[in-house]
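Structures are listed in the sections that come next.
Same chain, two partners: chain A is paired with chain B first, then with chain C.
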Partner chain A sequence: MSLLEVNNLNVRFKTNDGLVHAINHVSFSLDKAETLGVVGESGSGKSQTVLALMGLSANNALVSGSAKLDGKELIGIPTKELNQIRGNEISMIFQDPMTSLNPYVTIETQLCEPMMVHQHSTKAQARRHAIDMLDAVRIPDIANRIKLYPHELSGGMQQRVMVAMALMCKPRLLIADEPTTALDVTVQAQLLKLLQELQDEFKMATILITHDIAVVAGACDRVMVMYAGTTVESAQIHDLFANHYHPYTSGLMTATPRVDSAQTKLQEITGEPPDLSHLPAGCAFSPRCPRATDICSQQHPVLEDMHDQNLHYVACFHARETDNKETLNS
Partner chain B sequence: MNKGPLLSIHDLKVHFPLKKSWPWQQTQYVKAVDEVSFKVNQGEILGIVGESGCGKSTLIRAIVGLVGATAGSVIWAGKDLTVVKTKKTWQPIRKNIQMVFQDPFSSLNPRMTIGNIIAEPLLVHEPKLSVGERRARVEQMMRMVGLSPRHINRYPHQFSGGQCQRAGIARALILRPSILVCDEPVSALDVSIQAQVVNLLKELQHSLGLTILFIAHNLSVIKHISDRILVMYLGRVMEVGESKSLCDHPSHPYTKALISAAPLPDPELERNKRIQILEGDLPSPIHPPSGCVFHTRCPLADSNCAKKKPELRWLSETREVACIKVEEKPRQAA
Partner chain C sequence: MFSYILRRLGGVIPTLFAVVLISFLMVHMTPGDPFATERALPPEVLKQLHHQYHLDLPLWQQFLYYLDDLIHGNLGYSLKYQGQSINHLVFPTGSQGGFWVSVQLGTFSIIIAGIGGIILDIFSALTKDTLADFIDHVISVFCMLVISTPIVVTAPLSVLVFAVFLHWFPAGGWGTLSDLVLPVIILSLPYIAVITQIARSSLIEIMGSPFIRTAKAKGLSMPRLVWRHALKPAMMPVVSLLGPTVAGILTGSVVIERVFTIPGIGIQMVQGATNRDYNLVLALVIIYSLLVIVFNLLVDIIYAFLDPKIRY
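Moving on, here comes the complex of A and B:
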């Protein structure tokens, strides 16, 4: 049985401009010790999906659907029960380490807190464990660093502290929401390597959210590509890069600049992402899609298995007609 | 395309004094930019790349006169821009050197319409234009950057990030400057929109003969847009060269580390490549390491590196590098 099972998740926001459809019918599952990459541009709903799992959606959100962690429902349960799961069985790393650590509290206190709350350990036990964890995330000179306040550390170090804090209770699922976006490339490389090592060591499942398809290529087992709150394609990492059927996925691949390519002009995706409160009638990508026909603007495409070697789901009416090689060459 | 240097920067230093804790203390300085020299050729795009805190933004701010230079010179059209002090003497220069900023939302005034924002430089620099002429110029500019002139009366919040960045570019180009300075213009944008803006800048370079200074922390973006690349680390220039050859055959160990750290959108390559992980953090620019500033994190460093500051020297006709270790190892055939 898979560790996390998300079924038909919907998130809508009530605003003065009407309902904003942030997440529409998202389903996925995650096995133990598996890494799932969620890729998409801003507003594609990748963060809202995991926030809904953690019960962290904003007050005006209407969340429906189901998400089961080891058979236990997460959506709609009382906050008290959720609090026993959050930080204990599921923990999260946020994008900006500067704003997600409490500036008034030393690193030691912040690290000890989750263990003292969830596992009722003593301060001394928690402190010993905190030192082990800081060692695991390769922070040098721990004896002195542990007494510091967050602002006294560099961005990369702060993000390591965030990772250590997330791992304090040995969670079964780690959610990393754009953990490297605020960091420089050299620090990003350090952190991604660290996350991979820790995952092997602690045997936890990971959801890695990023806007950079290149980060996913190195770090994940499976990828889910999101656009305007829906999953457009989901596959094993090697399958996705070898054969992508959805035009948005191909667009993302060709729009990403690479250091190793000689081409000077980037393939752009024309147009802008849609307004989530006024989604197009059919496929949300149809206004920007080079393959769009009449049916695309009238009906919603559903996720269908493409019958590759492994499961490969695509939501596109024209997925079977063309393969990615044509779009790449055009 | 190369018609000699349009802008030459010589030994430029920007040092910021720190606040003293006691009056008798010696003043300390943050050496944001230290002994930087380079030339910008007419009609080229020069990419400046480096991690945050390496002084790339301060460098271009010093070039356009937004921060004062401590020492050195910036020569443009026979004039040294670092000695120009008054607003009046700056004005004719500013007309020729315009800037595009990083965050498209906060660099546009939310209470002005897009049309007024784009027209504002004309009010200052060409006040004699009639209302009709000004409007014609604005509409022409909007079309050039891919905005619909129908949206002339809209406000910035009614546009997406990519469109706001286009408006920022239109505002910079309406005075027909010869140099456009872009400070991380695409870092805040999504990949698909980023590609649109990069392609737009490239088109404008060809159609208007613009010279562009382009800053980014992402080497892959820089490689796509620029003709030449300048790599900075801790306020100093590490390597300068033509973009393709620099990315394919980097000489400086820092450039090599930057290139190996850039993730590739290909699982096979990405998992099998050797990443040269730089250990540790950027040293403090208040007390930069002695000798080569990179020696504390450099895999090739030995005791000589800590003693002498390496000068930027020519490695080949198109490549300059500041590292004493480079020649000892024979370079791979380009």
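Moving on, here comes the complex of A and C:
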């Protein structure tokens, strides 16, 4: 049985301009110790998906569907029950460590909190464990730093503190929401490597959200590509890079700079992502799609297995027709 | 930190000098004579009195005399209650009136305003956009009502309702705990409302910040979230409100002391001004200014204490 089972998850926001359909019928599953990469551009619903799992959606959100961690439902349960799971069995790392750590509280207190709350350990026990965790995330000179406030550490160090904090209770699932976006490139690579090592060490499943498909390539087992709140393609990582069927996935691939090719100009995906309060009737990508036909603007494509033994799912009417890479690059 | 406080204290002296100079000039420029009574005094008596209080000297000499006394801790002699020193009027022995009474009134009012404001703002901010948001609405309406009603209205009204009709509290006087209730509540009400409003919007902003989301993701309960993570940052704007609040409570106490017949310096201020008791008015202006200056310094120190990013 898989660790996390998400079924038909929907997130809508009530606004003055009507309902915003942020997440539409998203389903996926995650095995123990598996890493799932979620990619997509800004506003594609990557973050909203995991925030809904954590019960962190905004006040005006309507969340429906199901998400089960080891068979236990997460959606719609009382906050009190959710509080026993989040920070304990599921932990989350956020995008910007500078604003995600409380600037008014020492890192020691922030680190000790999850253990004291979930395992009812004493401050001394929690502090000892916090020092072990800071050691695990390779923060040098821990003894002198544990009393510091977040602003006294660099961005990379702050994000390591976030990681240490997320691991305090040995979670079974770690959600990393663009953990490296706010950091500079060299620090990004270090942090991703660290996350991978920790994942092996702690045997936890990970959801890694990123808009950088290159990050996914190095770090994940499976990839889910999202567009306008829906899953458009989902596959094993090697499989996706070998054959991608959805034109949006192809677009993402060609929009990523590569060191090993002579290509000097990046191929962009033309157009803008759709307004989530007025989604097109058919496929949400159809207005930007080079291969769109009449059916695309009339009906929703469903996620279909491509039957290539690798559980490769694509939501596109034209997935089977030709190789998308060729058409887009020509 | 210590050197910062010292430097700030050094800055108090020029400020205070300016206060003394300006208020001295203003008091002495008011028309009328402090010794003018309905029955005119004989000219030779008047002359003698003027001489006794240095009022026959040029203004700058009077000012120097006054400064000299002030530096030696002497606030001069009352022009009205002849022979009484201002020091004795304002700081009577046995803490039975004057400054000590007003300090009690003011301190209780500030504490009630702070505690009341913080409690109301937590209820208000946390019920906003929830099923219980009527609590937020009720508190908001209460705040608007209280802020827009001046204490010259609320003070006599409260005497009428709670003292005259209901007999719950005495209508005035000073000495027992029940004497304190009405004046303290009336004096602090507008500041409860102001603090509630400022702290509410600040707490709402903090509750939406990424670090609160992190704290929620850690599975913390709501009380712990507010107490450990949100309240301290949300209090920053309230702390900066402390300076103006103290100034407002000082001026408010002038009205309150009069309505509730409390023998504090507020009442002395009113009497001093109508009697043209130059030295009394001057002394009280200096004391009020000193209080405002000290509290503003206190605000900066509390800031540094609350916000780890501020270090002097």
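Convention: the second predicted complex is superposed on the first by the 326 of 330 C-alpha atoms of A that agree within 3 Å, B and C clash if a C-alpha of one lies under 4 Å from a C-alpha of the other, contacts with A are read in each partner's own complex, and residues count from 1 in each chain.
As a convention for this text, a residue touches a chain if its C-beta (ideal position, glycine included) is under 8 Å from a C-beta of that chain, and two chains touch if they have at least 3 such contacts.
Since the structure is predicted, the reported quantities are computational estimates derived from the model, not experimental observations.
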Overlay on chain A: chain C relative to chain B, clash or fit: fit
Partner chain in contact with A:218 - chain B first, chain C second, else both or neither: first
Which of chain B and chain C A:202 touches, first, second, both or neither: neither
First, second, both or neither for A:190, with chain B first and chain C second: first
Partner chain(s) touched by A:165 [first = chain B, second = chain C, both, neither]: second
Touching partner for A:42 - first (chain B), second (chain C), both, neither: first
Touching partner for A:273 - first (chain B), second (chain C), both, neither: first
First (chain B), second (chain C), both or neither touched by A:252: first
Dominant toucher of chain A (residue count), chain B or chain C: B
Chain B and chain C, minimum CA distance [Å, superposed model]: 9
Common interface positions of chain A, toward chain B and toward chain C: none
Chain C residues within the chain A interface of the complex: 129-130, 209-222, 224, 228-229, 232-233, 306-309
Complex interface listing, chain A residues touching chain B: 41-42, 154-157, 184-190, 192-193, 211-215, 217-218, 237-238, 241, 251-253, 255-260, 262-270, 272-273
Residue numbers on chain A that touch chain C, as the complex places them: 54-56, 59-60, 79-80, 82-88, 91-92, 94, 96, 99-105, 109, 113-114, 117-118, 149, 151, 162, 165
Residues on chain B engaged by chain A in the complex (per definition of touch): 51-52, 160, 162-163, 190-196, 198-199, 202, 217-221, 223-224, 244, 247, 257-271, 275, 277-278, 281-282
